């Protein structure tokens, strides 16, 4: 049973999260429609991995669509619901549409869409990938440099733990390229800098919060002396946090996660995250849309060198999370806006 | 007492309904989306359809025996993985690679056959197990560094790429191969002892035994053929996508079953054939591609597909097994090894 | 005659199954071109003997010659290779294959040249004066046509001996005629034919010689010219040992429990009308497939009649399921214990009490193991069920005890109309007597009882009244007192 | 051994006696194979891993088996009735979403939310059962189809983005996060479901009929049992259990995302089959399923403790499935042949 204290805490947290949520849907609902734009009458295609399952994906989608409409684009969205095959089918269907001038996408997989993208670009239209990259050198990639992020994580973790201690990694899908780069960077930095941190535990939770919870519990059971936990990202980390709470380890064990998402903010709020390394989720997709627009205008051809535009990384902590500039990293200005005309 | 006569009429109707449906679907999508009938999309449709079709040819024979094979998707994925690995990591000569992969597919199929006919595991479960294990192996393989590098590399081997993307006289190569495979299967079913044996085994086990057919060998052979077909499709897929993930081929088995059963092949065995399957494949292919083209939400796509599966099953129940609907059949009919009914 | 001149010769064929001696030391000799009828009651060993010839069973002892050469059929295929082919009662065709493919099944070359196959099969069909397109699917054939195709199969394999197991069972009179012509025709070409039939006139009319089997032994082997129907019947029946004494005092019949009027079901039961009174045992006699079991299944609600009415205690009832039937006090002991009676993986106790779960309620309406144990024990004792424990698998009980168990389960529902279908099938001698005793006792307690049995002496011994069925119709309803075995047999057989 | 009437029976009785004698040990080992495997595993692991045999670890083993276990007991009902259900994982998602939706609307409607999940599951189960029993189509394929429909329905009409349970819904979250005397509530739930299944299967008429119908549907009909109702009932229970699992899942992590985790499907089937529930109906015990659950749970736990690569885990599952089913079918074939 809950004590009065926890009840109070709970209601406080409730209020806090509610506040966050309210802030999330701040901002105009509809973009200004330009009186004239070079893109009027042209269509931009979006290949989203999923508009629904996570808030951060929704933020990506909302801001991307908003920016496109701002620039006067006609918008057509596709949603793969996390199914790799479906996503490349979606891209090919966009390729079949001669009215689509360019694609902005977040690729579920590092390689699975190579051929689809290639086929699309073969028709002289650019594809810009945001967030995770793909191995095919497409026209452009806007997103964090996960390798560097890994190094930054290593540095931060070492500092936070005073240079030594056992750490555990809770991965999502170990095959996702972002995780691979993360770990590469992290481990390289630890080696190069002779850090005293020792990775004692490395298990995946397949993005499943419940599994993450159980895995974390086992971890705490096995390594009571674990000093820090790195949880790859998003909802599964809620499970990790839950495990920490139930073990009464919140605040005692340092924890880090990726992306300035609502999960990150809630975690910092409730104290089960020490730090998140994030970037401007809104800015990222806006840049992606802008890049595609530029390429279209400048008459991009296949074979031109792919443009890579890495977003700057920021460290979010409980102290700075309420700074509106930091807050905007996670929620941008146009979350909660859903209308987006389809064909 | 001429149920058989009626049944023939019904099946005739059923099959032609399917043809009509397929045409209608095509016309509908062509009207609704101006890009559906574009050369690009049609070729794309043909390629996806061809791969599904190749798998379905094998699966049809399995169903004719009154068995199920749901490992087709995993076998396809694993074969694709082997191709990518062999071609891009070890640069094996293609002909050798192809032979190896086809043998691999046939091998897995044979194992399924043994599990089903000799050990007596219900074929559905036997193949489910192969599926689980194969997926495990694929996860492991795709997490290895060598696989990653092979996967991320964009292939420049034109011969290899031509397998899946090549066009011969305006027709995609995979379609041609499907045509050949299809013709061959028809010939085997019509004009060889194997064909008659398959129908005999599925249609009247007693008769088959009394005629002294080699029951076990036949079953193993058919499963091996199914594996072979999946592997063949896997080769095309690997070349077309120039990459593979551990999810490649996920849920394929559902589409295969739907196509085959819609095509008028009874899951009780002995009734049906490859002609119907081809229609089924065409219909499912058009439906799927068309819905993607119209950016129909993937979940609604699932609803449509599932509805057709139910339709197909009920149709099968009341048309193909009209004579004995008095007796609602138990699971065992699908599962118990027929050998048990010998005496 | 020298054995070389014989097409088929069998000496001292013996085949026994656990507990049963199906065929004992049977000799059989067929001349080329001879049509040899094989007659006998159900279970007299005809089928077993033929299955020995066709390679399905290996004989325990005895030898077989084909054209004077000793052979040992290993399996059906081998037997066919040796020139013996068998036409089975149930259809043996693959519905989805063409007639030609069916005829050639298992004997076609790897690459079947369709045209050639069709031609050769067409030739055979022509020879049988059987005009059907070899290219059409077997699924579309009627009963008679199927038989023709079966014969064509036999001819296709160049058989020297063809065994026909009741080929005319499903045929109309005219079709039978045609079939006989065909058979004579092919016999004329030197093929020997073993013709099993329950239609005695048919056998006499068609065959040159006839062998009568009784309890697995040859009762006689004569040429048909020296026999008339009555002799044949007499030979078949022989002098049976009466296993139970006929009731000296007739149980006096009480009120009418069941009356059926013009029951019809598919083509298996035609216009069956009869009634059953309290306190009497009615025997339902007839051959397998004569519709006995079907009538019972209609009464027990297992099948639903297509036409006709059933009155229970002179109130019309509609029996949709066995549950309904039980509701009206009709319980059945079905013919095949394993499929329709026992729950094999379950324990004896659970099998006994499945029908009376409501009585086992203990605290909070849950089943009380104690009460279950005593209920089960009670039933078991009442039927003198001998089992090491009530907890063992029902599998490990003997046939007799399994049957008693089922009867026990039937009785706990206190039905007043009981149907026993083959009550002593596969039951050891000791148990037979007990079961018969039980049935009598039930009758004397005023139950109405319907007994079905292929074993006539049993019917004769048990019943007060006998209904004889043939081809789905009740052809006779006689008081057991003035019925003679021969009379019944001769009505049961055509 | 009085009252044995025939030699055949005397022989049988003698065999029965002998079984008590020399081959008793083997017979016993054969009957208790699962228990032995389980004990062997435990001994092995506790020797290898110092922390294995601690209360804390066992709490984790049981807690992480809770969801799979609850669904496992449900599925075993359907399998004992001689049928099959592949839609329970989707049902779990739907049920979870339903109760999450309710608790998000009113964070005090705990009871309603807790009941709604299992109720939704039960309804889905009845629909499944009716489709399978009435049309008589293959349960496997039928439930594949219904699974797709259920999932789609959940995602389209019930779910939103990551559904976060308000922290104020304390009593709802307590179900999955709280504990009594250090033992998580979900373990009590698991135990409760196990006990309920045991009572249903062994102490009620429904249970008896379930075994009977599974063992021989025709015999059950002739014996006058309501076979169709019983089979539908089995599906209903399976659905309800999936519902309970869904609720546990939601309240345990305080949220639900539409990302669908297929691995539950395989895990549950593995547990039930390893637990000795036959595919052909009429056979299966709560004790067996519980053992299967423990064996798989212990294996997974050990693999995580040993920090084995994740892919090994699914493979081990597959191999276990293969062995268990292979044995079942092989024995069955021996009996039939």
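Order as written gives the chain letters A, B, C and D; numbering starts at 1 within each chain.
Criterion: a residue touches a chain if its C-beta (ideal position, glycine included) is under 8 Å from a C-beta of that chain, and two chains touch if they have at least 3 such contacts.
As the structure is a computational prediction, the values presented were derived from the model and not from experiment.
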### Task
Walk from subunit B over to subunit D along touching chains and report the minimum step count.
1
### Task
Please indicate which chain is farthest from subunit C, where distance is taken between mean Cα coordinates of the chains.
A
## Note on the structure
Strictly by count of touching C-beta pairs, the top pair is B-D
### Query
If you average the CA atoms of subunit A and of subunit B, how far apart do the two points sit, in angstrom?
37
## Note on the structure
Rounded to the nearest Å, the gap between Cα centres of subunit B and subunit C is 44
## Note on the structure
Cα centroid separation, subunit A vs subunit C, in Å, comes to 75
### Task
Could you tell me which residues belong to subunit B and also touch two or more other chains?
139, 143, 297, 299
### Summary
Check: subunit A positions touching at least 2 other chains come out as 81, 174
### Message
Which positions in subunit C are in touch with at least two other chains?
### Response
none
### Task
Draw the chains as points, connect those that touch, then say whether the picture is a line, ring, star, complete or other.
other
### Query
All pairs of touching chains?
A-B, A-D, B-C, B-D, C-D
### Message
Please output the residues of subunit D touching subunit C within their complex, sorted ascending.
### Response
1-6, 8-9, 12-13, 16, 199, 202-205, 208-209, 211-212, 215-216, 218-226, 282-283
### Task
Show which residues of subunit D lie in contact with subunit B when the two form their complex.
82-84, 131, 133, 135-142, 144-146, 148-149, 151-152, 155-156, 217, 266, 269, 273, 279-281, 309-315, 317-319, 321-322, 325-326, 329-330, 332-333, 336-337
### Query
Can you list the subunit B residues touching subunit D in their complex?
68, 115, 119-122, 124-126, 128-129, 132-133, 135-137, 139-140, 143, 254, 257, 261, 267, 297, 299-300, 302-303, 305-307, 309-310, 313-314, 316-317, 325, 328-332, 334-337, 339-340, 342
### Message
Which residues of subunit A touch subunit B once you look at their complex with the stated criterion?
### Response
76-81, 83-86, 88-90, 92-93, 95-99, 109-112, 114-115, 118, 123, 135-137, 174-175, 180, 342-343
### Query
Within the complex, which stretch of subunit B touches subunit C?
1-2, 4-5, 7-8, 190-194, 196, 199-200, 202-204, 206-213, 270-271
